[in-house]
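Every chain is named by a letter (A, B, C and D) in the order it is written, and numbering of its residues begins at 1.
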Amino acid sequence: MSLALLPLLQQFVVLLAALALFLSFVLLAQMRLVAAIHVFAWQGALVAAVTLTVAVAGAVEHLYFSAVLTLALKALLIPWMLHRLVRRLGLERHTERLRHPALVVMAGVALVIFSYWLVLPMVEQGQAFTRNIIAVSLALVLIGLLMMVFRQQAVAQVLGFMSMENGLFLAAVSATAGMPLVVELGVAFDLLVAMVLFGVFFFQIRESIDSLDVDRLNRLTEVES
Amino acid sequence: MIVWLLALLQALLAVALAPLLVGWVRKVKAWLQNRRGAPLLQPYADLRKLLTKDTRVAHTASPLFRVAPYIVFVATWLACVTVPLIALDLPTAGIADIIVLVGLLALARFFLALAGMDVGTAFGGMGASREMLISALAEPALLMAVFTLAMTAHSTSLVGVMEHHLTDGFLLRPSYLFAFGALVLVALAECGRIPIDNPATHLELTMVHEAMLLEYTGRYLALMEWAAWIKLLLYGVLLVNVFLPWGIATAFTPTALALGLIAVVVKLALLGAALAVGETVTAKMRLFRVPGFLNLALLLGLLGLLSHVILEVGA
Amino acid sequence: MIADPSLSLALFAVLLALASAAVAPLAGRRPRLLRRGAVPLLGMAGAMALVAGLWTLSAGTSASAILPLGLPWLPWHVRLDPLAAVFLVLIGLVTTAVGFYGRDYVRDFERGRDSLTALGGFSGLFLAGMLLVVLADDAFVFMVAWELMSLASYFLVAFQHEQAANRRAAFLYLLMAHIGGLAILLGFGVLAGFGGGFDFASLRAAELSPLWAGVAFALALLGFGMKAGLVPLHAWLPEAHPVAPSHISALMSGVMLKVAVYGFIRVVFDLNGAVHWSWGVALIGIGGLSALVGVLFALMQTDLKRLLAYSSVENLGIIFIALGLALLFQATAHSNLAALALVAALYHALNHALFKSLLFLGAGAILHSTHERDLDQMGGLLRRMPWTGSFFLIGCLSISALPPFNGFVSEWLIFQAALQAWNLDSGVLRSLVPIASAVLALTGALVAATFVKVYGIAFLGQARSRHVRRARPSPRGMWVGQGLLAAFCVLFGVLPTQILSLLDPIAVQLLGNGVPQADAGGWLWLTPISAETASYSAPLTILLLALIAGAAILWFRRRTSWRVRRCDPWDCGFAPPTPRMQYTAASFAQPIRRVFALLFVIDEAQETGADGVTRYRLKITDRTWGWLYLPLARTVDSASRQVARLQSGSVRVYLGWTLMTLLVLLWIIAL
Amino acid sequence: MTALLLTLLTPLIGGLALFLVRALAPAGWLNLAVSGLTLLGSLWLAWTVAQVEVIAGLGFRVDAFNVYLIVLTAFVGLTTAIFSRPYMQYVQASGRISVLNLRLYHSLYQAFMLTMLVALTTDNLGVLWVAVEGATLATVLLVSLYRTPEAVEAAWKYFILCGVGIALALFGTVLTYFAAQLVLADTEAGLTWSVLHAHAAALDPTVMRIAFVFLLVGYGTKVGLVPMHQWLPDAHSEGPTPMSAVLSGLLLNVALYAVVRLKMLVDGSLAATDTPHLAGALLMGFGLVSFMVAALFLHRQRDIKRLFSYSSIEHMGLMTFAFGLGGPLATFGALLHMLVHSLTKSAIFVTVGHATHLAGTQSIERIRGLIRTQPTIGWSLLFGVVAIAGFPPFGVFTSEFLLLTATMQTHPWLTLVLLSGLAIAFAGLFRHLHPMVYGTAPDGQAPVTANLLPVFVHLGLVLWLGLAIPDFLAHWLNRATALIAGGGVL
């Protein structure tokens, strides 16, 4: 697919998607929590922007609403909550060590290639544009999951989870012109509740193992040492 | 009716002949050992003495102790009755085929062993235990030998076997040779003769058969001894009449019967002499050599069967 | 709803059994209810089944019905044909006797802490299960009844669950029963795969390819063999049978094993039509092995009930030898000989049910009055428990296959069948079969040795312990139950021709023709093949025995001094023997143990304890444990240890698993 | 429709109301009442469905398949509520839980019921997703109710794993929506299951394949399929026992229900391609693996509740396998197995609750001689396990019989695997069960006031189903079978 053939707005969408992908790589490698939260907020903003663009392009009015929703939720509310939590948990200065960061990033790259390879056969139906966007959002999801696998800090894991959600939103708005409204609302609501619960759990975990290192949550195991 | 009378006659004859055979064997042995030995009819005198003496029973004994001798005697006799002695086709032969015969002997042995254990002495248990071991090892060999005959004659009834043998005339059957050998060994074991057991010994630790009779006196002892003699006669008759049936009366004419009687007496006399010689030249073996001895019997039986299947029938 | 009276009678028997199970829960409060209600109901159910079976056998008809239970498209089919009827008779006979016996036997438990409800309830369910197995006419109800039987008997094994040994036995039993049940289910599945439906009619109609027929046969052999305790699948049997209450042990050993035989006959002879001669060879081999191993281990035991359990293994082996002969002859188109072998097998099944139950009841009587199962503590019981003693003697004579008792007849028939091997075309088989029968002969002799030991040690000689010296005769109900069975043992021994004519319809039903001239020479003479080939006249045998003995006794009465003087035992003039000088069970078996040492894992030692007393220890274990069971258990354990790594405890690893699964699946579908 | 609304609104309102009730005793009763009302509503619903085949509207759709699950859910919900009332009183008395949390417990209980009922009744894949996620959110706090380190850990793992899984499921849903948009005229209906099912053949297979993988991994996590099962034993063992009962008995069913619905779509779209049975094959694979692995896990358990949660994984694996197998017989068996497994397993967990209460611990080593201490509990546990192990005359045997025979007809050699698995699982259960129920009672364990009514009712039902399947139920399941497998067995 040559970019030139695309209308300007779609080119814009592609650009934003690319940026989002980049940001999730940054997220993957960013060791300072607070900075990571900021990165996440920017990614949310990008997704919101994509939504807005699609809305303008396809003149789908309920997408305006969901753009606002996304912005509010992903770019503002959740980052703010996370920030607040981090402050109350006294983790502003917290940085964690990631073993072999280069390898992890390479794994992320591999995932990107994999997801592209995966969606290739979908070319025949409709525009290749959608396909590539799906590839990107799939990559976002997988990288989020990868991040959850490699980061042992509870907050970081939550960030990974949230960036997975970003990937989902991206897919939803760009591939399909937005889910039905009721679903969007439901998803957003679930996400919010989840965030609240995460907050609760941070404190519960802290008081039980006075740390947020998930690797120390290893009482329940079947392997006798 | 007449045949039934004949059958009764034959039965009584068997009982009457049994002590004679034993006396004869003893006599020959004595001669071989350069002794004069007891008179030929000594066993009858022994029986008479035992039967008239009054009897003592240990107070630890249970009723079974007093019932056992009758059962042993009767079972053995019944087994003997079904073996054609002088005449071939008597109705009593139909009562039991050769397997039943083995069964009847087993019945006798069962009660003999129980009687041995009844009083609760050490020797009784020892005798019973050894007797059951020997019989357990002897039985398969015996049946292999019997099966060889049965497979040849397609019949397990003695009459059938002997008739088949008579009609065939004298054939050199390797299977019969092996079966005969097996049967001889088994007979030695079953009748408690040297080298398995020594009927004359009362040396405690070597006894088998005698150890079980240890507590018996008077008529009970008489019955037990007599039963043992009948058993010896029975095996003798089996050997001579099954493998060399010639001379036995096939018709119920007086001449034929007389001929049959003479024939069997002569055959038994020869067999008895052979037994005496054998017992003189061999020594009694240790209990745990017995399995080897009986395995040889089993081997012979198997060889008999196989040679029948392979050499005589083919296919 | 059901036309045929005998079938409705049989179903009524099932209902009675269930009723006795239903009464039991009340026994928790009123212990007497067990004795007065549950057990008699059990006996009545048995009697009912007996009547139904005899009725069907005499009529020679078969009736079927459909019960409003089960799956919507597969209601419960029940059917009562001659084969089922024989086993109804078998169950009925034993259960009736147990009904008499149990009334007094369970009295002991009224004082104990074990739940009477469990005892009564599961006994009822157990009986109901066995009856239903026999009556079942489709795979589903068969399986339901089968597992009900296993389950109920398992609870009865676990009845006195405070001893760890009993728990272990129960676990092993249920596990193997479950595996066996699954194998049977699979076997039915194979048949149904070709037959279309699960009712026996369509299973019968199934046209199997030789391979699948073989698979079905193998599965049936595995499943039913496991229940029948064939070597090497027998390990549970000597553990489980002895620990149940004795009247239940009688039912388990005497009846439940036969139900397994029934199932095998039903599946292999009836449903799985196409037989192959190699199956027969396999059965003869396994049967011979079981017979030999069973009897040798029986001979080594000192625990009476355990000994009896092992001897059940041996007898089942004999039955399967006969079945193998039947298959062999059937496959080589000698169906009249096949009929002979099959009838012999059924006959032996009946006989074993009778004398094994009789012996277990006897063991129970001993247990009841001496609280002793160890032979080496017994002795001289004949004088203390005359009734039990004499009945037990009859049991021993029958099981040792001595004429004129029943065990002999069936083994004689098996020998006759084996000796017809000269009819076979293949020389190899012609020589193999007689060798198998030689094994049978060896077994027979060893059985005799075993039961000489049992009777001699337990009932003769002098008491070896105090409480045995104090033994009291058992109450009436108990010896009535034993007497019933003993009477049947004699009856089955003396009137073989009648029994054979009763069993003949089954041969006709399964193989097409029966035993032609079993009573050609009149009822006196049993001539299974022909009068020339072999004949046996049990009535005349026993008549002559009686006559000669009577004559001898009369003669003595007149001729000699009849009086008998009592005195000390002579014992070669040593000091008057004490009980401790007698041969023990172990010492009796020692020569044979030494001769057959190869088969046993013998752990023998003399230990001098802290008290300075030297004791002799002898432990004989089964080789199959080391060869089969423990390796299996170890495999499962190590596998589970490997698998446990999945549950490492780290959430990140878990997420890693999710990611990997996702990627692998995506990769697979993208290919 | 009113029946539907009654069924759905009762737990909603009840949940809100329960959050306001402070005292424990009335809360328990109220919880009971609400559940009862829900059951009534569901029964009414079932009755109407029996009349009119299908109720549709407001984005809801109730047909033979889900209505019996609805009734089952409501029923088990009620019986568990019966058990939970005295049990939570004991818990509070033992001081392991604060009043606030108790209020939370009751209202979340109803919220959980609500989410499950919505998930079952909705016709919209998106709403289905929302509801299942909601179920996670509702239960995750309950798992950590006791605030012990283990509880918190278990809850966190449960939360993260199921959250991720669910997120993946959402991606699958989006892809489905995408595939739908290419064929459907009105894009709004692109998530409506009935519409999609109608046009299944037109959906693009490539997209649907990818979508199904995501959906399977996503919802499969909730079903507890190996290797995404790790949360399940932790959550079951650390949460309060009533929770374990409903999790095992109901939540897993709901997740499996979602998988099956989606499989129907994928089968439709793949029918024309060269891999028509892909979905089925995947299900069979997952089912078999889960079944065997769980069976092996049973052997090394030290915690009684973990033991039975692994048994749940094993049975879910069996059902998944059966649904993957397809075909009327297998499907019928699977539906029946869902039913009997929920009943039996929740009964077992109720009994286990009493047993742990009695012994004061969950560790198997310390639970001994139950039959001596308290026969009713001991026998109930024994019979429950006998039933779940698949012994007749209990219903589990019937369904396993059907599954095995169905397997026998299509994949004969797999039956060997299944049988060995069943044997291993059986041994694993009983080797732990035996010492717990039999033997002498340890000192210091006294009988407790146990309310075993739910256990008896459940086991009674299972027994009944084993002896005879009533006609209405048979036809009910048959209609569901026809819906899923395209043909009935009757």
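Here, a residue touches a chain if its C-beta (ideal position, glycine included) is under 8 Å from a C-beta of that chain, and two chains touch if they have at least 3 such contacts.
Keep in mind that what you see is a predicted model, and the values were worked out from it rather than measured.
The set of chains touching chain A and also touching chain B is given as C. Here the two chains linked by the largest count of contacting C-beta pairs are B-C. Using mean Cα coordinates as chain centres, the one most removed from chain C is A. In this assembly, the C-alpha centroid of chain B lies 36 Å from the C-alpha centroid of chain C. Centre-to-centre separation of chain A and chain C, using mean CA positions: 70 Å. Rounded to whole angstrom, the centroid-to-centroid distance between chain B and chain D, based on C-alpha atoms, equals 78 Å. For this pair, chain C with chain D, the centres built from the Cα atoms lie 44 Å apart.
For chain D, residues that reach two or more other chains under the stated contact definition are 156-157, 160, 164, 168, 210, 233, 297, 300. Touching two or more other chains at once are residues 644, 646-647, 651, 655, 658, 662, 666, 670 of chain C. Contacts between chains form some other arrangement here, matching none of path, ring, star or all-to-all. You'll find the chains touch as A-C, A-D, B-C, C-D. Residues 68-73, 115, 140, 143-144, 147-148, 151, 158, 161-162, 164, 167, 170-171, 174-175, 178-179, 182-183, 185-186, 189-190, 192-193, 198, 636-637, 639-641, 643-644, 646-647, 651, 654-655, 657-658, 660-662, 665-666, 669-670 of chain C are the ones touching chain D in the complex. Chain C meets chain A in the complex at residues 644-652, 655-656, 658-659, 662-663, 666, 670.
Across the complex, chain A is touched by residues 59, 124, 126-127, 129-130, 133-134, 137, 140-141, 144, 147-150, 152-157, 159-160, 163-164, 167-168, 170-171, 174-175, 177-178, 181-182, 187-188, 190-191, 204, 206-207, 210, 233-234, 237-238, 297, 300 of chain D. Of all residues in chain C, only 379-380, 382-383, 393, 397, 400-403, 408, 412, 415-416, 419, 421-422, 425-427, 430-431, 434-435, 437-439, 441-442, 444-446, 448-449, 451-453, 455-457, 459-462, 521, 525, 531-537, 540-541, 544-545, 548-549, 552-553, 556, 559-561, 563-572, 577, 579, 581-583, 587-592, 594-595 touch chain B in the complex they form. By the touch criterion given at the top, residues 51-52, 54-64, 66, 70-71, 73-75, 77-78, 81, 94-97, 99-100, 103-104, 106-107, 109-110, 113-114, 116-126, 128-130, 132-133, 135-140, 142-144, 147, 150-151, 154-157, 160, 202, 204, 214-215, 218-219, 223, 287-288, 291, 298, 301-302, 305-306, 309-310, 313-315 of chain B touch chain C in their complex.
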